[in-house]
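Both of the next two complexes hold subunit A, though its partner changes from subunit B to subunit C.
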Partner chain A sequence: MSEPILEMTDVSKRYRTAGFGRGRGGFLAVDGVSLHVGRGEALGLVGESGSGKSTLARMANGLVVPTSGTVRTDGRDVARLGRRGLRRLRRNVAMVFQDPLASLNPRQTVRQTLENVFRAHGETTSTAELVALLESVGLGAHYLERYPHEASGGQLQRVAVARALALKPDLIIADEPTSALDVSVRAQILNLLADLQRDQGISFLHVSHDLAVIRLYSDRVAVMQRGRVVETGPSEEIFRSPQHPCTRALVEATPEAELPARPAGALRGADRACHDRDHDSPNDHPVVSRPEAGATEY
Partner chain B sequence: MPDPVLQVEDLCVSFTGGGVTADIVRDLSVTLYGGRTLAVVGESGSGKTITGRAIMRLLPRGASARGRIVVAGREMLSADERELRRARGSDVAMVFQDSMSALSPYLDIGAHIAQAIRLHNPSVTRRAARARAVEMLDRVGIPEPADAVRRFPHEFSGGMRQRAVIAMALVNRPALLIADEPTTALDVTVQAQILALLRELQREYGMAMLLISHDFGVVGSAADEVLVMYAGRQAEYGSLRDIFDQPAHPYTAGLRAATPRLDVRREIGGERTRLRAIPGAPTSLRDAGPGCAFAPRCGLADQVGERCVVEAPLPTVRPTSEVGGLHLAACHLDRLPAPQEVAS
Partner chain C sequence: MSVAEIQRAESRGTSALRRFLRKRSGVAGLVMLVVPLLAGLCAPLLVWIEGQDPSTLHTELLDPDGGRPLGVLGGVSADHWFGVVPVTGVDLFAQIVYGIRSSLFIAFGASILSIVVAAVLGTAVGYFGGWFAAVVGRLIDFMFGFPGLMFVIAIMAIVPPEMPRGLVLVLVLAFFGWTVPARIIGAQAGAVNARAFVEAARATGAPPWQIIRREMLPHLFGLVVVLFAMSLPGNVSVVAGLSFLGVGLRGDVPDLGKLLSDSLPWIYSGADVWYMLFPGAVVFLIVFGATLAGDALRDVLDVRTEDAS
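Let's turn to the complex of A and B:
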């Protein structure tokens, strides 16, 4: 097997906080995490708010600098990259954020937004290339001259994906890419990302709080709780038999759009196993790590 | 049968701005009894939030409502300010998505609840109101309520704040609770707790609940009846079972198929599972032509032809599996083709 596109080894991130309360000594957002994303693989990162999943994702392309540990992207140690190296890294690792309206410049047309990506990396581009780029995300050429406020949330998220694709990255980090979208549009964007993985072999680190999304669109899953990865394994196995209490709590609390539903009010939420990093559970459950699915049987 | 807690008849809400008036909700009628939960489901622009606000008479500037809204025997649309003040908080209360903006950062939690009590019962002493606030915080599951009552909103987590807001909304035992996306900002485990709490309190108080949500998962675990709205109109209405088992509107079926489900595997028979997306984006009534607002996105409109584009369908009665149940759908198709679940 070839080298993974992303490999994190014992990575931690401590934020300094204003010095009162338990903030003294800083806030450990990510606590000794090791994980990898194989080439062409989609890794789903799930966890509740504050579990550290966004911080972890941002360390993959150098947006957040880890306090300790190493991040290797495409075989290179991110910490040792200079400015040039980081720039090259970011060609290779693109990002899609949750809120497309906030991540696009309101004063730039789609054309300007896309052209700037090429310019930032010292490349020129043609209208034909930009049109092809838009078409690859299902948008027509007329979107080139539009401003963000002239498009819907779903269309804007397609633009954001087009921007991520512009420099033909090997890895896309998608941080809650569909959480701000309407249900009927969410499926369009998820299918688009799945097509990119299948047809262009792009790897994904997909961060989401929605387990159902992660189950359908990830090959492997890492579950985070209080800055740590508490369970990893192939998506199928994790959801068929979640082992860690945190994973189980998340699975049980996820409501199903399905009948016969569990009787109303039967959703298990009382389990605090996953939530609330203020209260450390007295006996921490060991991390559940499942063997790599070399030969996954379905 | 007892009188309904909420009766809405032919509700229209329109916005006036820049000399133009446009409807955002049209011809909405619902009846809701005590102890029942009606979920209003829709996407952006569907008019679900505006409908909730119209019932409270809390419409934004420039919006006006026509038709008839009766809450616990009171005509809301013709009520004057004094009557409205009496109704709000005591007959009908509301819980919003963002608990932080529903609470004043300058007041402790107890003050919020005591204020809600004393507004409707001026004879209650401050002291008695604080004591009642402690009881209420205890009832909604806030630990150490005697201490919590003195805390400020920012000292609470999102889930605890939402519990406090629920305590505030329910302290006067309203006949109707309008919950507008009450769990959307919360983590799933907390969401499950809050939904269970709402259900429990509803049973205890016998109140009716209008649950506004975009999430079929939430709806499935909390609703008795479901109203699906699209572009300001009712697309489908029915019992939870009818809506889930035999949807009669293509939009309802489409929304369900587009919702990721935890029980669906990533690969089935070596093929990657894909969600069936609805093409296009949600529209509002303003952008809709004379025909069905969903027609441009509807895969079945071709089967019907011209009619979908020129004539807006009216809700008509559909088969129901419930005794005495009502199942309505606004679609020119008499029946949907057999539902394919997550396919293609």
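Let's turn to the complex of A and C:
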């Protein structure tokens, strides 16, 4: 097996907090995480709000610089890349954000937004290419001249995906790409992303708090809690037999989940195991890591 | 693309102007600002039409006893539209339109320069943040602690006579005028820099200049225009005030503040109230007009369509 597209080794991120007293040591958003995304693979990163999954995802393209640990993306150590190297890296690692209305500049037409991606790397593009790009995400050519306020959330997220695809990336970081969308269009966007993975061999780091989404569209899952990865494994397996209490809570919170009967109050306890950041008592449950079928551990 | 869509795209650009024109106070303010401005621009032409010039002494129009202008309204006539200046008999209209020229252009120059400095520094503060923002912030704090007006008066009092006083005024006023706009623009630029579409642009590998030019500046432009419009009336009054205090332009250059200053004894004695009324009205018109126009512009441009959606 070739080198993974993304490999994180023992990365941590500590945010310094302002002021004195409580929390002076800073806030540890990511705490010693190691994970990898193989070429052509879709890794789902799930966890509650504030579990550090977005911070972790942003380390892959250098938007967040880890306090310690190494991030190798596309075979390159992100920390060692200069400003130019980082820009070159971002050709290969695109990103789709949560809220398309926020992540698209309201004063730019779709055409300008897409053209700026090429401009960033000193390239020019033709209208025909842009139209083809839009068509690849299922949008008509007439969207080119539209402003974000003239399109729906689902259409805008397609534009955001088109922007990510513009430079033919090898890896796409999707940070909660459907959370801000209407339920009715979520599946469309997820199917679009799944098609890209299947047809173009693009790898995905798919961040979500919704395990049901991850289950359907990721090959493997990493569950995060309080800045740590507490369980990893193939999606179906994680879903079928969650080991860690946090994973259990997430699985149980999924409406479609078919679970074995559980004692009353189990959900509440598991829920607390997943949420409570303020309690200093660490969750003693061991980290669950499963070997994957046919895959090497890095 | 359909015709309707093209029109909609175009209407976005002009909608701010249209909304401004719908505001009566803004249009009234603009007229109050533009009429004196045009009068200043066309000063030689207007004075030529009047048939006068700003320096000829018309002593025959003055009361030999005390030097006050003869006739009503300070000597207003078909030949002298605003009457004449007491003691010297110089045409007041000519003095005023030439005075607008110097006063208003110095104020414009100072406002433009200070806002340009503020826009550059403010945008840089918003984009880079960190220690750069801290240094600029402390510098602005330091400038706030400075008694600016005192300093301006002191500097203008010691400027060597061979230096162009108008240019010095522009530089000195801009030196003290950039701080407040820079702080406001810096805060706004920081807010824009934190928005998701800027992060998205960064994630595509856009270089810093492209992010500033394409993503941030379009969101700061309205603010910059408003801050310029709002700094204008202040500078007009300060320029007039400095001349009033005798530290403005040279004695032989017509200037609104100097006219006001010269007219003071005539108001106190009640001998010629019109001498102050005409230049005073012009200064009032410009300051009031610029304030109204600035406020209307702020109302129009602050309404962000994207934030409403």
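One rule holds for everything that comes next: the second predicted complex is superposed on the first by the 270 of 298 C-alpha atoms of A that agree within 3 Å, B and C clash if a C-alpha of one lies under 4 Å from a C-alpha of the other, contacts with A are read in each partner's own complex, and residues count from 1 in each chain.
Everything that follows uses one rule, which is that contacts are C-beta pairs under 8 Å (C-beta built on N, C-alpha and C of every residue); 3 or more make two chains touch, one makes a residue touch a chain.
The structure displayed is predicted, hence computed values, not measured ones.
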Worksheet item: Thinking of the overlay built on chain A, is A:82 touched by subunit B (first), by subunit C (second), by both, or by neither?
Response: neither
Discussion item. Quick one: is A:211 in contact with subunit B, with subunit C, with both, or with neither? Answer first, second, both or neither.
Written reply: first
Item to complete: Once the structures are superposed on A, label A:104 by its partner contacts, choosing first (subunit B), second (subunit C), both or neither.
Response: second
Discussion item. On the A-aligned overlay, A:251 touches which partner chain: subunit B = first, subunit C = second, or both, or neither?
Written reply: first
Fill in: First, second, both or neither for A:187, with subunit B first and subunit C second
first
Item to complete: Report for A:61: first if it touches subunit B alone, second if subunit C alone, otherwise both or neither.
Response: second
Worksheet item: Per the overlay, which chain contacts more subunit A residues, subunit B or subunit C?
Response: B
Worksheet item: Where does A:119 make contact in the superposed view: on subunit B (first), on subunit C (second), on both, or on neither?
Response: second
Worksheet item: Which subunit A residues come up in both lists, the one for subunit B and the one for subunit C?
Response: none
Item to complete: In the complex, go through subunit A and note every residue touching subunit C.
Response: 61, 63, 86-91, 94-95, 97-99, 101-109, 112, 116-117, 119-121, 142, 144-150, 160, 163, 166-167, 173
Discussion item. Help me check something: in the complex, which residues belonging to subunit A touch subunit B?
Written reply: 48-49, 152-155, 182-188, 190-191, 194, 198, 209-213, 215-219, 235-236, 239, 249-259, 261-262, 264-272, 274-276, 278, 298
Practice prompt. Spell out the part of subunit B that touches subunit A in their complex, as residue ranges.
Written response: 43-44, 157, 159, 187-196, 199-200, 214-222, 240-241, 244-245, 254-256, 258-267, 270, 272-279, 281-282, 297
Worksheet entry | Contact footprint of subunit A on subunit C as seen in their complex | 1-2, 5-6, 8-9, 12, 195-197, 199-207, 210, 214-215, 218-219, 305-306, 309
